[in-house]
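Just so it is clear, A, B, C and D label the chains in written order, and each chain counts residues from 1 on its own.
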Amino acid sequence: MSNELIKQYITAHLPDAVFDETGEWLNVVVNSDSLKGLMAVLYGEPNYLNYLFCLTCVDYKTHLTMVYHLSASTNRNINIVIKTNLDRNDPFIDTVCDIWRTAEFLEREVFEMFGVTFLHHPDLRNLILEDETAIAVDDKKELVNEQKGYWPLRKDFEDPINMIKL
Amino acid sequence: MLSLESITKTTQDWLLAKFSPTMALTIECIIVILLCITLFAVLGLVLVLLERKVAARIQIRLGPNRVGPGGIFQTAADTLKLIMKEGLTPDTADKFLFNLAPFVVMMVAMLLLAPIAFAKNFQIWDINIGVLYISSVSSLSVIGILMAGWASNNKYSLLGAMRSGAQIVSYELSAGFAVLTIVVLTGSLQISEIVAAQQNGWWLFKGHIPVVIAFVLYIIAVTAETNRAPFDLAEAESELTAGFHTEYSGMKFALFFLAEYINIFIVCAIGATLFLGGWMPLHIGSWEAFNHIMDYIPSSIWFMGKTFFLIFVIMWFRWTFPRLRVDQLLNLEWKYLLPISLFNLLLVTVIAILGWYF
Amino acid sequence: MFLKDYIVDVYNGVASLLKGMRKTGYYFTHSKEIITEQYPDNRATLKLADRFKGEVVMPHDENNEHTCTGCTACELACPNGTIKIITKFDITPEGKKKKAIDAFIYRLEMCTLCNLCVAACPSDAIIMAPNFEHSVFDRSKLTKILNKPGSKIKEGIE
Amino acid sequence: MYNQTDIIKDTTDLGPDGELVVNMGPQHPATHGVLHLVVTLNGETIKKIEPHLGYIHRSIEKMCESLTYRQFIYVTSRMDYLSSHINNTACALLVEKGMQIEVPERAKVVRTILNELTRIASHELWIGAMAMDLGAFTPFFYAFREREMITDIMEDTCGARLTMNYIVPGGLMYDIHPEFQTKVKAFIKQFKEKVTEYEDLVTGNIIFQSRTKGVGVLTAADAISYGCSGPVARASGVSCDIRKIAPYDAYDRVEFDEVIETAGDSFARYIVRVKEMNQSIRIIEQLIDNIPEGEFVGKTKNVLKLNKGEFYQRVETARGELGVYIVSEGGTTPHRIKFRSPGFSNLSVLDHIAKNSKIGDLMATMGTLDLVIPDIDR
């Protein structure tokens, strides 16, 4: 299945999708509302892009971008990258973990590192960092309040204790 | 000839000449108790060192080699360390039972020493129901383990203790059946008579294949009963960290550790007595000259040699096999060992009735 | 047949166990297979790989001269601030001012032995030495000054 | 993480339905590091497993954002420390891709050989640790004996035994050791002799087989859904070997088979890894006599600057597919870097496949998933 076919298919389903072929793989930028619908379509027949091998978020300082790397499990050389931009102050998006189970952990990681809320996620808690309750009783309490969030992978995150500037 | 038999005889004669019979008996009791405790300490040190050396050789290592020549004082140093360590009692533990448990386990191991014949006419108590006594007392050790597991108030300990309970109760059966085969062949429960019945050959050799099967079953069952790998589910360190003795430290832990090795010694001693003739030298039918030469080796060396051979086999098991899972462990007992031992016992009974053994 | 399967089962199981015991028994009886290295005792014969990355050292020749120009390439290449170079200005016989190192501070406790500083050095002034017994009682002893007191830069190195 | 009072409460109280809640780890002999599993038990049967991560979280992704493209490679050795060479290769390949650096043939071949040696070393360690989880101590030492030869080879050539940092963008840090080829050949000879020992001690052993066969079954559909990769997915019949799909370095010119089993249980995962070691030996045998002469490092600029854009590089580590995703703004440091670690996805499947089995099965399942905690936490 070539990129052209995928493009046709996505355009048929979602006319306002923006394509970018400058990179190694086909990039598709979609609206955050329509992401879930597109994912469900891509997962099913006839595209069968059923392998989500990377899910992450990028902080561009002006907005957050969710990045989904999809592939076909039968032919791992078909890869597309789906991106969607989120409001940095109030980031939320529909979860995809009812389509791919692996998204459950990956989304939890993004949630705690970037503060993106995944709607309808079954168990949206911190996975790697301490629980919110633990932070509240911690002496980091002031830090949390000052910065309105404790999202380490955002670009403006500062932790004077654990980060040493060279 | 200087033998253990003559030493005991002279001692008793001398005591009876000096004191009244009651007094002499009391003194004898004290001597026996002291000897038992000494034996325990020595056995513990030797067996732990032996285990570590065997493990090292199997695992292409050298093992302990720093304390003393060849590392022979390593276990003594370890004991010293354990004595000096603090014996912690967890806050939420049942303090009385927690502290009692190691002693219960230890006492059971001590009681089992009574009917064992260490050499010719060298036995603490030649009770006429010796084998029955051993079977019944050895099953008491599960109480100590359950006590330790429950009183620790630790989930790992509890799981370990429950596993141990199920395991010991099950494997008691096949161990009992294996012992019964010899009882059937000998017609006596008394240890001295069982040994005497092997005057012209050990049961392992003259009892045909059924006794060999019973011997194998006995080794498997007692390995499980003493919680040794591959049946060490009660303290499976990759699953339950240390099982029933997770919370123990210092000397209380050392008592568990010691009891494990003493139990191995005892079951191997019983195995040697029942199947390999105890202190009886290797006699082959009518080869008079050969039998005579064999008699020159002291009976205590025969007994210890056989026992340590069995101990080595059990250690060999431990360092070769993976551990079983808890349901497989019980499957092995109830689906394989128990039917085989029942059938085997029937076979032996037929052999005994028809007198087909040598 | 059930009984036949049962017996075959038992036989195969026991055979597989005995196979394993044969292997361990072989190693038990063959002491030449033992591979233990008696480390502190075999120091004399212990040979480390010549490329072993143990710590950064600065070789000095017999005239107490090194080749470090103080260009701070290693300091920039270091990912975690292990190296700190303090420079000074020497007056050459011709009366010109010349940059030289005052102290080459190397903090072993922070070093990850990644070899990037050695790779970055344009004048091969520092190398990795195969020393590995680094334990000391005081952490401050791990901060080392690599240039020896009184040492100076070799002639002709720019 | 729990605070102190929680933990005390946890060990004395029962779960909501009278179930036993056991904290396995972070200090536990079988979790191989600091994995913390909160296991809900009903007797011996597992009802639920909930991993708590972060005990060794160093935020490598954040750290890399302040390191240059030469420097950030060394940090990746600390992720999956058992296949550090392969992690380094992934980063170097990505930088080479982003800057169109030509890599000399010699460097490519040496990288491939070292990657395969690393894979064997990792699997050797895994076999030992796995057998130890199941209660057999001895295979651990036999496996380490062979692994020791590999680490010696690594020490000779790279100067370190575990965290090598031998691969730089453009090739290798320095040339291979003169004795490299003879030592590798000696290792291949010894490995072929000794690999039968694992058959005797582990593979054929009835206890080992009954502990692993039919335990922790992962279906192909689940493997895809959970994003599993590497031996875990291949044991379930999912073809996912990056070395075949998108060959890098010298993998396009060597012959090897992708090992695929279909049973999906712990035993299949074990067999896949054992067969993979033999395939690695096959790859090394093809390359070891044909290391081309020439430069070992390509021409690179002093300061590396990636073009603006996004780059993704996949490699096959010993545990599965490692993806490095870099968003570059054109500077000397990455804007955002994401490591798609194989262990993270493989861990997420644990609850699914170990549910309703016994505690002993959890060890077999967890062992065959081959979890390396620094790789999961990053």
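Here is the rule we use: a residue touches a chain if its C-beta (ideal position, glycine included) is under 8 Å from a C-beta of that chain, and two chains touch if they have at least 3 such contacts.
Everything numeric here is computed off the predicted structure, so don't read it as measured data.
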Name the chain whose C-alpha centroid is farthest from the C-alpha centroid of chain B. A
Can you check which chain pair, B-D or C-D, has more C-beta pairs in contact? B-D
Any idea how many Å lie between the Cα centroids of chain B and chain D? 45
What is the distance, in whole Å, between the centres of chain C and chain D, each centre taken as the mean of its C-alpha atoms? 24
Averaged-CA centre spacing for the pair chain B and chain A, given as whole angstrom: 63
Taking each chain's centre as the mean of its CA atoms, how far is chain A from chain C in angstrom? 41
For chain C, what residues touch not just one other chain but two or more? 17, 20, 23-24, 35
Touching two or more other chains - residue numbers and ranges from chain A: 166
In chain D, the residues touching two or more other chains are 138, 145, 201, 205, 207
In the complex, the residues of chain A that touch chain D are 22-25, 27, 50-54, 56, 58-59, 67, 69, 73, 76-77, 81, 100-102, 104-106, 109, 127-131, 134, 137, 152-153, 157, 165-166
Chain C residues touching chain D - in the complex, by the definition given at the top: 12-13, 16-17, 19-20, 22-24, 35, 48-49, 51-53, 77-79, 112-116, 119, 128
Under the definition above, what is the set of chain D residues touching chain A in their complex? 1, 3, 51-54, 57, 59, 61-62, 66, 97, 222, 224-229, 238, 240, 242, 245-246, 309-312, 321, 323, 325, 327, 335-336, 338, 340, 344-345, 347-349, 352, 377
Could you list, by residue number, the parts of chain C that touch chain B in their complex? 10, 17, 20-21, 23-25, 27-28, 31, 33-36, 38
Mind listing the chain D positions that touch chain C in their complex? 67, 70-72, 74-75, 138, 145, 148, 152, 155-160, 163, 165, 168, 173-174, 177, 197, 200-201, 204-207
